[in-house]
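Heads up, the next two complexes both have chain A, just with different partners, chain B and then chain C.
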Partner chain A sequence: MKKKTLAMIQPYVWLLPSVILMVSMILIPIVSVFKISFSDVGRSGIVRGLNGVQNYLDIFAEPTFWHTLQNTVIWTVVVVGVSTVFGFVLAMVLNQEFKGRKFVRAVVIFPWATALIIQSVIWKYIINADYGSLNILLKKIGLIDGFVNWTKTAGSMFGWECWVGIFVTFPFVTFCVLSGLQSIDGSLYESASVDGASFWQKLFKITLPLVAPSLTVSTVLNIIYVFNSFPIVWTISKGAPADQTHTLVTYLYQLSFTDGKGGHAAAVSVIGFVILAFCASIYMILSLRGEEES
Partner chain B sequence: MKKKIISVLLCTAMVGTMLAGCGSKDNGGGSEGGSEGGDSGKVALDVIISQYGNYTQDWWTEFEKTFEEANKDIDLNIEIVSWNDIYSVVNTRISSNEQPDILNISGFADYVADDLLMPAEEYVSDELKANFVQSFWESNDMDGTVWALPILASCRSLFCNVDLLKEAGIENPPATWDEVLAACKAVQDKFGKDIVPWGLDISTDEGQAAFSYYTWNFGGGYVDDDGNWALNSKENVEAVEYIKKLIDSGYCNSAPFTDTRYPLQDAFSAGTLAMMIGPMNMVAADSKVNYVAADLPGEKTALGVCDQLMVFKDEKADDARTAAITKFFDAFYECETYSNYMVYEGFLPATQDASDNLAANAEKYTVGGSDATGSSEYFKTFCAVLPNCKFYPMQKAEWMDVRNGVIDVEQQVCEGTVGAQEALDKLQESVAK
Partner chain C sequence: MTSKRKSWQTTLLYVFIVVLCVIILYPYFVMFITALKDKKEMYEIGHILPEVWRWSNFSDIWTAAPVLKYLTNSMVIAGGATLLAILCGIPAAYALARMRFKGKGIFMGAVIMSQMFSPVVLLVGIYRMMVNINLNDTILGLILLNAAFNQAFAIWLLRGTFMGISPEMEQAAKIDGCGTVKALIKVLLPMAAPGIITTLIFVFINAWNEYTIALTLISTDVFKPITVGINVFYGFNFIQWQYLFATSLFATIPVVVLFLAIEKHLVAGLTSGGVKG
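Right after this comes the complex of A and B.
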């Protein structure tokens, strides 16, 4: 009897540390952020009491919020989309046999392995109009006469931020896809070639279906990482000019730590959480459906 | 079986330890702000000081030692916090009801609004009160109560590279805004893209400083004569349009929306920027640039920046705490100690006796982290400017909204998305709500 009870309890005891960690580090902060988003918070951090949905109404009345939301969608779609396509193509190339393949593979991982903040600072200096190395290089090879201001408008500034996002994201896709490609049995391609299949037919009928699980994982993870990415936008522009280049994460950081509006920041945080939870749910539904079908 | 029992026990112990770690810290003899310090019977004072330089900690450690030796009944706990973290550190401590007794920071209106501060004048003797430079003392007055003490100050001047201007045919620093445009044009014509004529920072870092330089010296500003917000005045519109004109004419650094003053100061020190408005200690010590610090063009109104010391409320506090805090201020503002700290950190003093002392004897004191001594001439020049400086209206509760609002206005107008009048009207309307 004792043995049986111990055997029943044991798994739960093992799980308890993880559960406590998750509750204290994830669940309690989430509940706390939800509560703060419905509270009146003073600039000095004092919670003066609940104020219903006032923080949300204030946020929705701000044109900056809607522009930021639009930026966040563009940022996520462009960075994840382009990184996925570019990463996939590069993985196909790196899967071929050629001299120096190992070296190229090692080089490709650098942008991903380097800290985001370092990448962002480096790119900020590269594109600087007064002393940036891009201008110096282009001038030396004679492509430009005078220095060009690459970040003159909000659009161009945001475009460069997207580029940096792509630059640091594509290696992850490349290596996810590469691992998928290496697991494909070469005999499939040989059989297809014998049957007279073209490159595109092999790509769409063999390669893509077989690397789809790797692509799905990298895309879902990238959506979460890129959506929540803070260092690139904050280091390069801090949302300038005139809050035109914010994403939700930098916007809520500014609200909280620069503007001292903790309640509004919590509301934006909850909105971001809901959007990501929605995306994650779609992924869960699709993958569960896939499992059932298989 | 034994192994299993041991594993379960270990696991339980781990959970127990974690729970203990997550629990509240109630150490009985802890030094709650201003309370009796455990068994020793000392009054404990928690002090948070902003980090002004790499050696701030060293100076305050020495001060703490000297102070405690002279005041055996006081236990001073000084914590140095960097400017990057100080607001979040203080807010976190406030929200967990662990605010310090004394805080050194910039801005106090939000703490007053949340009823967290004690009037600073209650901790200052008449003698010390009379010793503060009047404009500094008054800058901390909110509705007739002085809530904070000025700890140090700096002021902003127009810095000009004399050699570059002379080469471009400009003999004297520009005294009017039209002369600024003329000087910028002369520099641009002479040096092309190699030299940036005018440094401008309208970034979120300190764009409000730029707003102050231009609006005050076009005759406008933040408030009218009655102290009410007057952000959309004719003069302010003119000033913001002038900033746009500087950018559109190609006279400024190419990224004024994101360039903070630090790279601009570096560029000035390196001799690649001809003119900029900046703090009095902005030129690097090893710079070879031949420069002059002149009055700001137009109305010649300088921006004074002044950080404060403030005292937080403590419901459990008694007279012993009040006496301890008063002793702390007396010790800190003592002429020799305070003069020493000003030279050490490279700022200007907020008291009259230290100003007089440093104008004559700055060489007695050393700069933090080096053997270099202070310069009496330097203090004489800049201390004389201080009484005429204007300050941000930090004592107004809406200041933070206005600060962020004027930066938005500058950026929107200079980007060309909206006109100056419309942007300032909108800001005025939102602040006056």
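Right after this comes the complex of A and C.
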């Protein structure tokens, strides 16, 4: 009898270290963020007690918040969308036999492996209007006469941030799709060719359905990563000009650690959290369903 | 298919590949040549390549700022987080791969959900908690946080590895008188070594590249990891680009090399551990 109870609790003992780590470092901050979002927080960070939904009302009354929300959607959709399409095409190319394939695969790893903060700083330097290397390069080639201010408007600034976002995001898609492509049986294509299938038919009837699982993983994970991506926007613009290029995470960082509005920042966190929870629950359902089938 | 069409396709392929490689490598080229320029040349706009190749920049950075200290801190933070994540992750992954128990589905769901909890969204709560337990502005705090936020990936990758190994060998070892723990250490772990190494390197890279938590929690210079430390060359009006990029190279090269080493295993692990159906 004693042995049986021991066997029953054994799995939980094995899980315990991991649970302790995640509960203490992830769950407690989640609870704390929710609590702060309903609290009146002074500039110094002291919680003066609960104040209901006041923080949320303040945030909703702020035009910057709505603009930021819009930016966040654009940022996530554009960066993930373009990265997914381009990453997929590149994977198709890299799946073919050609000289130098190994080299190209290695090169594509670079943006993925480099710290985001370093990648951001380099691009900030490249597009600098006064001495940036892009201007120098284009002038040397003769494409421009004088130096161009690449980030004159909020729109162009945000466009460059999206570019850097895409630059660091597409390699992940490429490698996920490549792993899916390499598991496809080549004879499928041969028999399709014998039956006279065109390139597009093979793409839509064979390739896409078979790499769909890899594409799902990369897309869902990228949505989460890109939505949460902080260093690119923070390094290149810090939301400037006039708070027009923020995404939710840079906005909440500024609210909390620059403006001293901890309550408002927590409210923005909770809103971001809810959006992400929605995405993650879709992912979770898909994952667990895949588990049951296999 | 005619051979004419084939050669036309091959040309197009190579044009695409060359353009792509040039664009991807351009920032690294800029980082490298700027790291070699003299301070005076920094704001001169006439040349792409340095007029004087200042190799001494690479030796100057160590005295211009406590770069060695930053790199050591990064090593301690990433190394500590990796060790902790793997020590907690192995038993959890083992239970999920080999045992049946109530609440398994819920736990796996929670693990997957925790992948979305970027520390940035929780920063306000993390900061407050770390202040309360006196771990803000400490390296230990960063180790704990990095380990926790990489648990999901570690468990997921390790579980996939364990599930790919037949349990027969462990069962045989148990019949020979080994306990579960001994069978795990003596039989399963050696066979799972490639997967474990991949997990180790992946968590290490994530923790090494982490920026936002460290930026928020660490204010004392000697505790900063390299990602935050390079900000010393990045003052408001005066940026020492040559030192900034020389230091960045030291922070980047080891990680790229590690990444190249595990690339194949990593992607296989991510996609097989994730959505299957």
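FYI, the second predicted complex is superposed on the first by the 281 of 294 C-alpha atoms of A that agree within 3 Å, B and C clash if a C-alpha of one lies under 4 Å from a C-alpha of the other, contacts with A are read in each partner's own complex, and residues count from 1 in each chain.
Everything below uses one rule, namely that a contact is a pair of C-beta atoms (placed from the backbone, for glycine too) under 8 Å apart; a residue touches a chain by one contact, two chains touch by 3 or more.
Just so it is clear, the structure is predicted and the values come from calculations on it, not from any experiment.
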item	value
Which superposed partner A:V77 touches (first chain B, second chain C, both, neither)	neither
Touching partner for A:L57 - first (chain B), second (chain C), both, neither	neither
Touched partner set for A:A154, first chain B, second chain C, both or neither	first
Which superposed partner A:Q10 touches (first chain B, second chain C, both, neither)	both
Touched partner set for A:L208, first chain B, second chain C, both or neither	neither
Partner chain in contact with A:I117 - chain B first, chain C second, else both or neither	second
Residue contacts with chain A in the superposition, chain B compared against chain C	C
Touched partner set for A:D259, first chain B, second chain C, both or neither	first
Touched partner set for A:S237, first chain B, second chain C, both or neither	first
Touched partner set for A:I46, first chain B, second chain C, both or neither	first
Residues on chain A lying within both footprints (that of chain B and that of chain C)	10, 14, 17, 20-21, 24, 45, 130, 147, 257, 262
Touch list for chain A against partner chain C, complex	8, 10-12, 14-15, 17-22, 24-26, 28-33, 36, 45, 90, 93, 96, 98, 100, 103-119, 121-123, 125-126, 130-131, 133, 135-137, 140, 147, 167, 175-176, 178-180, 213-214, 216-217, 220-221, 224-225, 227-228, 230-231, 248-249, 252-253, 256-257, 262, 265-266, 269, 272-273, 276-277, 279-281, 283-284, 286-294
Complex contacts: residues of chain B adjacent to chain A	1, 4-5, 8, 11-12, 14-15, 18-19, 22, 87-88, 90-92, 94-95, 110-111, 113-114, 116, 193, 196, 203-205, 253-255, 257-258, 267, 400-401, 404, 408, 411-412, 414-415, 417
Complex contacts: residues of chain A adjacent to chain B	3, 6, 9-10, 13-14, 16-17, 20-21, 24, 42-47, 128-130, 146-147, 149, 151-154, 157, 236-244, 254, 257-260, 262
Of chain C, residues touching chain A in the complex	10, 13-14, 16-17, 20-21, 24-28, 30-31, 34, 42-48, 84, 87-89, 91-92, 94-95, 99-101, 104-105, 107-110, 112-118, 120-129, 144-145, 147-149, 151, 155, 180, 205, 208-209, 211-212, 216, 227, 230, 234, 241, 244-245, 248, 251-252, 255-256, 258-260, 263, 266-268, 270-271, 274-277
